[in-house]
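Once you scroll down, you'll see the structures, which are given as structure tokens.
Both complexes below contain chain A, partnered by chain B and then by chain C.
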Partner chain A sequence: MDRRTFIALSAVAVMGLTLAPTLQPAFGSTPRLEEELQKRLGVRLAQIKEVGEVKLTAPTIAESGANVPITVESDIPIDRVEHLWVFVDKNPVPWIADVKLTPMNGQVYFSTRIKMGETSNVRAILKLKDGSYVMATKEVKVTAGGCG
Partner chain B sequence: MNISRREFLGYSALTLSTLALSPGAFAKNPLSFERLMEFKPYGNLTLVFISDFHGHLKPMYFAEPMNLLAPEPLKGTPGYLAGRDFLNFYNIKPGSVEAYTGSCLSFIKLAKLYGMTGGGPQVATVIKTIVRERGKDKCLVLDGGDTWATSGIAVKTDGMAIVDWLNYVGFDYMVAHWDITVGKDKFLDIVKNKLKAKFLSYNITEEPFGDLVFPPYDVVERGGVKVGIIGSSFPFTPLANPRVYTEGWSFGVRPDELQKYVKELREKHKVDLVILLSHDGLPLDIALMKLVKGIDIVISGHTHDITPLPVKVGDTLIVSPGSHGKFVGRMDLDVRGGKLQGYRLKLIPVLSEVVPEDKGAKELVKKWYAPHEKELNTVIGNAKTLLYKRDTVFSTWDRLIGEALADYYHGVDAVMSLDVGTSPGFRWGTTVLPGQKIRVEHVYDVLGMTYPEVFVMKRKGRELLTLWEDVADNVFNPNPLYQQGGDMSRIYGVEYELKINAKQGERIRNVRIKGKPIEMDKEYVVAVYGGPPPMGIKPEKKNIREIVIDYIKKKGDIKVDRRPNLKVLDHPYNTDCYWR
Partner chain C sequence: MAVGAGILRVPKEAKKGEVVRVQMVITHPMSPPRKDPATGQEVPPHTLTKLELFYNNRLVSTVNMGAGISANPFMAIALKVEESGVVRIAYEDNKGGKWDRTAEIKVT
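On to the complex of A and B.
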């Protein structure tokens, strides 16, 4: 995908987008991924199927945890898709983004930058029109360094 | 495919069967230049390549590691073959020149027999001889990066001495890692205005929009073959080195983009052959080639591995030509009908006393060294122990550096007594034989960063442990895509146990600092250098080179305890390979 298409599509995606205020300070109790999923999707992680049709692109090792580029794409026709979420398991608030998709989006494509507190799985979850959930997971390592 | 294994083995068999004899039995080096160069030309295209030259225009000793500790799934695979494992895997005879240049076994004895390796004039001779014999129109001369940094002459000339040498020898393409640490502006100036070779990198892009900073690939015709060559610079440069050198640039491993360029070369440019010139490191390239299809050959740098035979992943052949000017790779290819039909490979060992010096390159080296010769040649001590750098977790050079740091801080301020000194696990460095004089240049060869500042700070036990676990995961993660390609930090003043195959956060155990169990909430005084600078801390007055030089001068005779400060729980750990 070249830059122009990327920007055009991002602009479309932004219309339906609420971005979570990332990395809120964790007060006392840190909500865990399951709680967040229950709260926002009403399902448990075990009920979401990992499928090849959802593609999550993210670095294996982040250049900076403060700024991790991720892209979610899918071949699933847009009129079969309702919603997209992004979660980071180990962030103090695992919920990252919540995107409502409409056929006007043309295709499932969402690209942004997220904050990550530590090494964790990143998850892109799609809710389909038939009520089922599918996802892609990728581990992103956040490291203090090491040397070449 | 025409495999050159037989010829390779034949060549090995020709070499010494005389290890039992004392090295003194030889009046001179047992090998001739012709023997080293022996190669039956093959096919219609020749790749000539080096990688990880690390700024060494003069011959040196460089001992291969005694240990390359592997996480379980990678054990026994190329990238993790040290000592006898390396010899057995490639069927190399102990005592042969391949054994000397490729393994740790009997290094001290063999170094006296075969002498130093590498050197700008010697490497130039080998490359120019191949190109002359084969014809320039049939050759591609490639450099895998880590070329003009991390040595005395590199630091003193901002890399320019080596750039001049690259231009003289006639390199066609290169990629980078440490080369960028001359400074971003200087680096761009070299690449755009001074370097004759074309600089390629598909994985360096501008933040935040992702425009390419350099051409990702080039298409070139040699020997009637249309070759597409893609460059990949070290994917984790922004993490391994201070961010200031790569400010505004993003790197990374990008399988999708790489696949896109391969497709572009095959479909749009209709190339016959696709080469990836890479500074990813061998384990990472092996993992990456399982994801990306259609690359014929990878010339793989960074991890300094030596592959006398290519590593095959699907239809891709991966070759890693060692480091520090020890080898020149020659790979003859038969490319017909838009396909690689066969190949013949040899990593030519560059024995400095055997390979004649190229006159022009010798002049060039002399010219660049002239203003610095006196300083770099100053003798500062005598080595009583073998000083080596390469190993996954421990080295005598690093222990010496740790001692120097501790000594410096005890001396300066009685209150500020050092608890821990960390030394980065760089894979580059030098080897000093017992009995050799230690010169200032040796210290540069081990500590030739453009950022030699030392930082002293207080850190809690738990913070230190988190940091070391982090580094351990970058080294021992079972998935090479999550490794960073360096060795483990050397931690002076600390004893610990290491379980390579434990989960992240559980690898480092039973830590003792200055003999006492680590306390999680206690603050320790820690000295560090050679990594991204810690925030908000001013560097010390003396840099790490000055501290080490002063210490060696003060002690004169340098004896270093060569027993490692850690115990590896789930992997054999060799401690006497060099001395056998």
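On to the complex of A and C.
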């Protein structure tokens, strides 16, 4: 191998390494989650944009998976938001709850307590009036599962 | 407390146009479908499925839920109040149970 081919090859290799992570499913989604999203929202996870305007508050470490408090808030005006979902990637049923919102809510705010079987990502997804989806993701470490 | 008993809490007074938090706690097992470890038989799920929030008989929000919500669910939702009125939640489970609770808000 002469120097020219070596440089060309290493350029390709470096490019492959930098691009490879972006080709994988975003944030390690699970088949169950994808199936559930397809069924309930009709989109794939990769089509949902992660934005800072959606705020998901949840503990970093939950002692018991049976009772994990979560709060979803958003600065997006209520008349631009249609629906809200909460998903946990690795639960036997990833879908937790969904809320239909109207302008009478005044603000995007939903707080509840959920079950988690194991350490997983929690996702809050909003459907906007223009048909697009936005979300916030947070990983919650669970030391004792709370399912079944 | 019996299954389906609920507590609905809202501020007694609010200013016109204020966004208040409607909080609720409902007594319910929220059990997922599972196998009884002793007999190996399937135990059907028993969960709340739907909760509707009304203000002065106008539908504000509908919450759909499953066994992913913790037992004895706690929930809080925002509500913008423009005039005095009655907050009502109506909820039901997969075994045909139906309940509702009301609370009043005075707008000053």
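Assume the second predicted complex is superposed on the first by the 112 of 148 C-alpha atoms of A that agree within 3 Å, B and C clash if a C-alpha of one lies under 4 Å from a C-alpha of the other, contacts with A are read in each partner's own complex, and residues count from 1 in each chain.
One rule holds for everything that comes next: contacts are C-beta pairs under 8 Å (C-beta built on N, C-alpha and C of every residue); 3 or more make two chains touch, one makes a residue touch a chain.
Bear in mind that the values here come from a model prediction, so they are computed numbers and not experimental data.
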{"item": "Partner chain(s) touched by A:109 [first = chain B, second = chain C, both, neither]", "value": "second"}
{"item": "Contacts of A:37 with chain B and chain C, given as first, second, both or neither", "value": "neither"}
{"item": "Which of chain B and chain C A:141 touches, first, second, both or neither", "value": "first"}
{"item": "Contact breadth on chain A, by residue count: chain C or chain B", "value": "C"}
{"item": "Touching partner for A:57 - first (chain B), second (chain C), both, neither", "value": "first"}
{"item": "Touched partner set for A:66, first chain B, second chain C, both or neither", "value": "second"}
{"item": "Touching partner for A:97 - first (chain B), second (chain C), both, neither", "value": "second"}
{"item": "Touched partner set for A:81, first chain B, second chain C, both or neither", "value": "neither"}
{"item": "First, second, both or neither for A:124, with chain B first and chain C second", "value": "neither"}
{"item": "Footprint overlap on chain A, where chain B in one structure and chain C in the other make contact", "value": "113, 146-148"}
{"item": "In the complex with chain A, residue positions of chain C that touch it", "value": "19, 21, 32, 34, 55, 58-71, 73-80"}
{"item": "In the complex with chain C, residue positions of chain A that touch it", "value": "66-68, 71, 78, 86, 88, 91-93, 95-115, 146-148"}
{"item": "Interface residues, chain B side, partner chain A - complex", "value": "177-178, 208-211, 234-241, 250-253, 256, 302, 424-427, 466-467, 470-471, 473-475, 477, 481-482, 484-487, 489, 504, 530-532"}
{"item": "Of all residues in chain A, those that touch chain B in their complex", "value": "3, 6, 57, 59-61, 63-64, 69, 113, 119, 139, 141, 143-148"}
